[in-house]
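Before anything else, here is the set of structures, which you'll find just below.
First chain A sits with chain B, and in the next complex the same chain sits with chain C.
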Partner chain A sequence: MKSITIKKLYKLHTWVGIITGILLFVIAFSGAVAVFARPELQIWANSAIREPIPINPEQYHATLATLAQKVGPEYLDEVHVNFPRARSAETARVIFEGHVLQPDGTEKHEGFVFELSPKDLRVIEKFDMETYFSTVRFDMASFIAHFHADLHLGRPVGLILTGLLGLTLMVSIITGILIHRKKLAQIFTFRPDKSFSLLLSDGHKVMGIWGVAFHSVIAFTGAFLGLATVILVPAAAYVGFNGDQEKLVETFTAIKAPEISHVQQETQISEILSASKETRTDLTLTNFTVMGYGDKEALVYVFGTGSEQLGGETLVYQGATGEYLRSQANFGRLEGVTGKILDAMFPLHFGNFAGIFVKVIWAWLGLAMALLPISGIMLWQQRGIAAKNPSHSKRTYELVGRLLSGTCTGIVLATSVLFPVQLVCNHIMPSADETYLIFTAFFGVWGGATLLGLFVRAKHSFRLLGMMSALCLVSVMPLDIAFTGSHLFNVSTTHHNVSVGVDLTLFMLGLLSFYYLFYKGKTAGSIESPLIKAEGNK
Partner chain B sequence: MDVMLHLVILTFAVIGCIQLNLAGSFTGRKTGRFLGLGFHVVALALTVFTYGEMRGFFVYLALLSLTGLLYCTRKLAISQHQ
Partner chain C sequence: MEHQASGNKLTSSRKSVFSFLKTRIFAAVIMVMITSTVMIPGMSTYLPFNQNDAVGLPILLFPFIWAALFIYCFLVTSVKQLWAVLVSLAAIHIICIYFALAG
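Here is the complex of A and B:
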């Protein structure tokens, strides 16, 4: 490749990194945490679902029958039930949906949502479907998951932004490989103690090369998930379905509505759920849908994860007889590899297809991905400061360093703060909506940290914000013990395995952060960056 | 059993990385390359056996990234480099 082309690629790699670097860190870091958002952090954040809640088929059968009578036959076209704990639900949730024909010939989906207590399926609250889905309610787990998806900028802006970031990450990966292709052979070289510049360049190279396959998968799936619903689906609907997006989704997704016979026959929910539990012990059942509840031709779709299908598996039953029909993937109706690829997108992005072991790997590699743009920007600073004729003034490099330290350490602190805030909210106002407090705490802390970063030297703000993050993480376990009485020594009686696991992990992470900031931070002083030295000499 | 299998997979992947490393660079020795490749193939086979074809493939890709990264940053590579 010509050296002039390499130079252009190098410039492209540098500027894409500088422009998107901080945002990429924010997305990648929140993604590393969001890997555990559902269900681990969801369970931790909601004390009502901390212990395992077995699915009781008879109870669901009876509850659905009672609620169906209450809502009336016009809302039984679709019935969706989410089991508590398994997915994003801190309650058991039942949605009754009817297809109402409009004067212009189109169908409108209307209905009711019931929130049920997870253990005895007692109705806690009833909502109109439109009100329910237009109301935003977050605990810290769903807050982090949504922040990763669209930065809480709303849709479509947020989704387009994160989707575009996936694309720019792909550009960075490709240009990075091309410009550093001669260094690819040095994949094992990492010299942390020689100089700060070598630490950065070796770290950037090692994280880039070893993680290239993972980063590519995340970038591609991230771009797809971000852009699919806001650009790809409307575009495909425009081309193939005269702009009818519902028709497109209906064609490609696995839930097919039956031909309603208008002959009433009880849907065998109890029998179907029992059969699913007994025959498919490898699946963790997450939710089920009844199309045409109470009709002779009703179909029941039971969803579960844990099998060899990447995106989960759907068991299909004849509702009236309980007869097992088939098993399929989510996009099982698509021929060839297309359905498999579409099915793989979400689980490959979040690493939730093979248990906690894989989630831990995804989180570690997500953190490595977050450090990649940061190390790149710091390298740019180092080289700029050390250059005889720098392209920018020293003040510019300093400002970038301060902004980097404030925003990036700030997002770590803001995320850490959410844990104690959630516990305090649960304790002080157990049934109240904590969304406002979660938002205020997160964005308040992040904004404050960014401002602090701008006014304090990068080294000091990094240390101070790091210490505060560590303190928040370490405080979670004692707070949880004080508020809920749940701890390691009574886990055999409480069965709060997941929440105690989260507490312990956060405690360990907090201690590790303290160790690094107190001990390692001092020993690393010998290889202090020229930028920090320059700031220090002022 | 499950934990043991994961430990075996991790060990094979790390040994594979060690075999491929020569003084901080990708080895030029044929024995090293064959041994490294062999260990990685066994680790991949065990991962596929544990998780199934498609899941196993992606789990192994991530595992390879992680073990390579950890091996490098734990200074194992450095000791041979210096």
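Here is the complex of A and C:
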């Protein structure tokens, strides 16, 4: 490759990294945390679902029959049930949906949503569908998951931004691969004790090269997931489906409506759920859907994860007889290769296809991805300051350093703060909506940290914000013990395995952070950054 | 470091790596997005696959097409060639879309 081409690629890699670096850190860091948002952090954040809740088929059968009587026959076209403690439900939730014909000939989907107590399926609250899905309500787990997806900027703006970041990450990866030609030697070169510049340079290359497969998958799937609904699907539907996006989505989704016979026959929910639990012990059932509830031709789709199918598996039953018909993948049942690739998209991005071990790997690699742009920006600073004819003034490099320190350490602190805030909210106002407090705590702390970083030297703001984060993390376990009485030594009776695991993990992370900031930070003084030295010499 | 601005070409005592930088940035940010987006429905008109793949594969290829065109904007030597390629790709696929919709 010509040297001018390498130079261009290097410049492109540098500037794409500098422009998108901070935002990429924010997305990657929140993504590393969001890997555990569902169901681990959701279980931790909601006391009612901390212990395992077995699925009682008879209970669901009886509850659906009662609620179906209440809503009436016009809302039985689709019945969606989410089990509690599953991927995204902190309560049991039932949606009754009817397809109401409008005067202009189109169909409008209307219905009711019931939130049920996770253990006894008692109705907690009832909403109409439109109100339910337009109401924003978050605990800390769903807050982090949504923040990662769209930065809480709303859709489509937030999704477009995160999708574009996926695209620019792909550019950074491709240019990075092309400019680092001596990759084989570089993956084993790591000299952290020689100089700060070498620490950054070697670290950047090692994290980039070793994680290139992961980073590429995340960049591609992230770009797809961000842009699919706002750009890609509308564009694809323009010709193939004459602009009808709904029809395109229907073609690709798994749930087919049966031919309604209008002959009433009880849907065998109890039998179907029992059969699913007994015959497929490899699956963790998360939700089921009844198409044409109470009709002779009803179909029941029971969805579960944990099988060999990457994106989960759907068991299909004849509703009136309980007869097992078939099992299918989500998109993989479709003709062609697209379905199989789509099935892999979500699990490969979220890392939720093979248990907690894979999630831990995904989280560590996500943190490495977060550190990549930061190390790159810091390298740019080092080289700029050390250059004989720097492109920018020392003041500019210092400001970038301060912005980096405040914003990036700030997001770590803001995320750490959410844990004690959630516990305090659960304790002080157990049934109230904590959404406003979660938002205020997160964005207030992040904004404050960013401002602090601008007025305080980077080294000091990093240490201060880092220690505050560590303090938040180590405080979670004692607070949880104080508020709920749940801890490691009574886990055999409470069965709060997940929440105690979260408490312990946060405690260990907090201790590790203190160790790094106190002990390692002092011994690293000999390789102090020239930027920090320059700030100190003022 | 001294700078002299001459139209879109930034010259300095230290030679710039990219010529017509502002034009390239505009092409990379705006025109590449338009071209890549137009190629999705356009490709579905001529890909020799079943309907699911003919619609689905262009969606899946979009990130690669975008990234390739973005990098191309800065690697290509001639800015005229850059615009010719982007405009041609967009125009060809718009024509394919037109004929597909017109039946």
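We adopt the following convention: the second predicted complex is superposed on the first by the 534 of 538 C-alpha atoms of A that agree within 3 Å, B and C clash if a C-alpha of one lies under 4 Å from a C-alpha of the other, contacts with A are read in each partner's own complex, and residues count from 1 in each chain.
As a working rule, a contact is a pair of C-beta atoms (placed from the backbone, for glycine too) under 8 Å apart; a residue touches a chain by one contact, two chains touch by 3 or more.
All figures in this text were calculated on a predicted structure; none of them were measured in a lab.
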Three-chain arrangement built on chain A, chain B and chain C clash or fit: fit
First (chain B), second (chain C), both or neither touched by A:Q186: first
Touched partner set for A:I231, first chain B, second chain C, both or neither: second
Touching partner for A:V217 - first (chain B), second (chain C), both, neither: first
Partner touching more residues of chain A, whether chain B or chain C: C
Chain B versus chain C as contact partner of A:V358, first or second or both or neither: first
First, second, both or neither for A:G339, with chain B first and chain C second: second
Contacts of A:T5 with chain B and chain C, given as first, second, both or neither: second
Touching partner for A:V171 - first (chain B), second (chain C), both, neither: second
Shortest CA-CA distance in Å separating chain B from chain C in the superposed model: 19
Set intersection of chain A contacts, chain C complex versus chain B complex: none
In the complex with chain A, residue positions of chain B that touch it: 6, 17, 20-21, 24-26, 51-55, 58-59, 61-66, 68-69, 71-73, 75, 77-78, 80-81
Residues of chain A that touch chain B when the two form their complex: 184-192, 203, 206-207, 210-214, 217, 308, 310, 340, 344, 348, 351, 353-354, 357-358, 361-362, 364-365, 368
Chain A contact footprint on chain C (complex, rising order): 1, 14, 17-18, 37-38, 40-42, 44-45, 49-60, 62-64, 66-67, 70-71, 74-75, 97, 100-101
Touching residues (chain side chain A, partner chain C) in the complex: 4-5, 7-9, 11-12, 166-167, 170-171, 174-175, 219-220, 223-224, 227-228, 231-233, 235-242, 248, 251-252, 334-339, 341-342, 389, 391
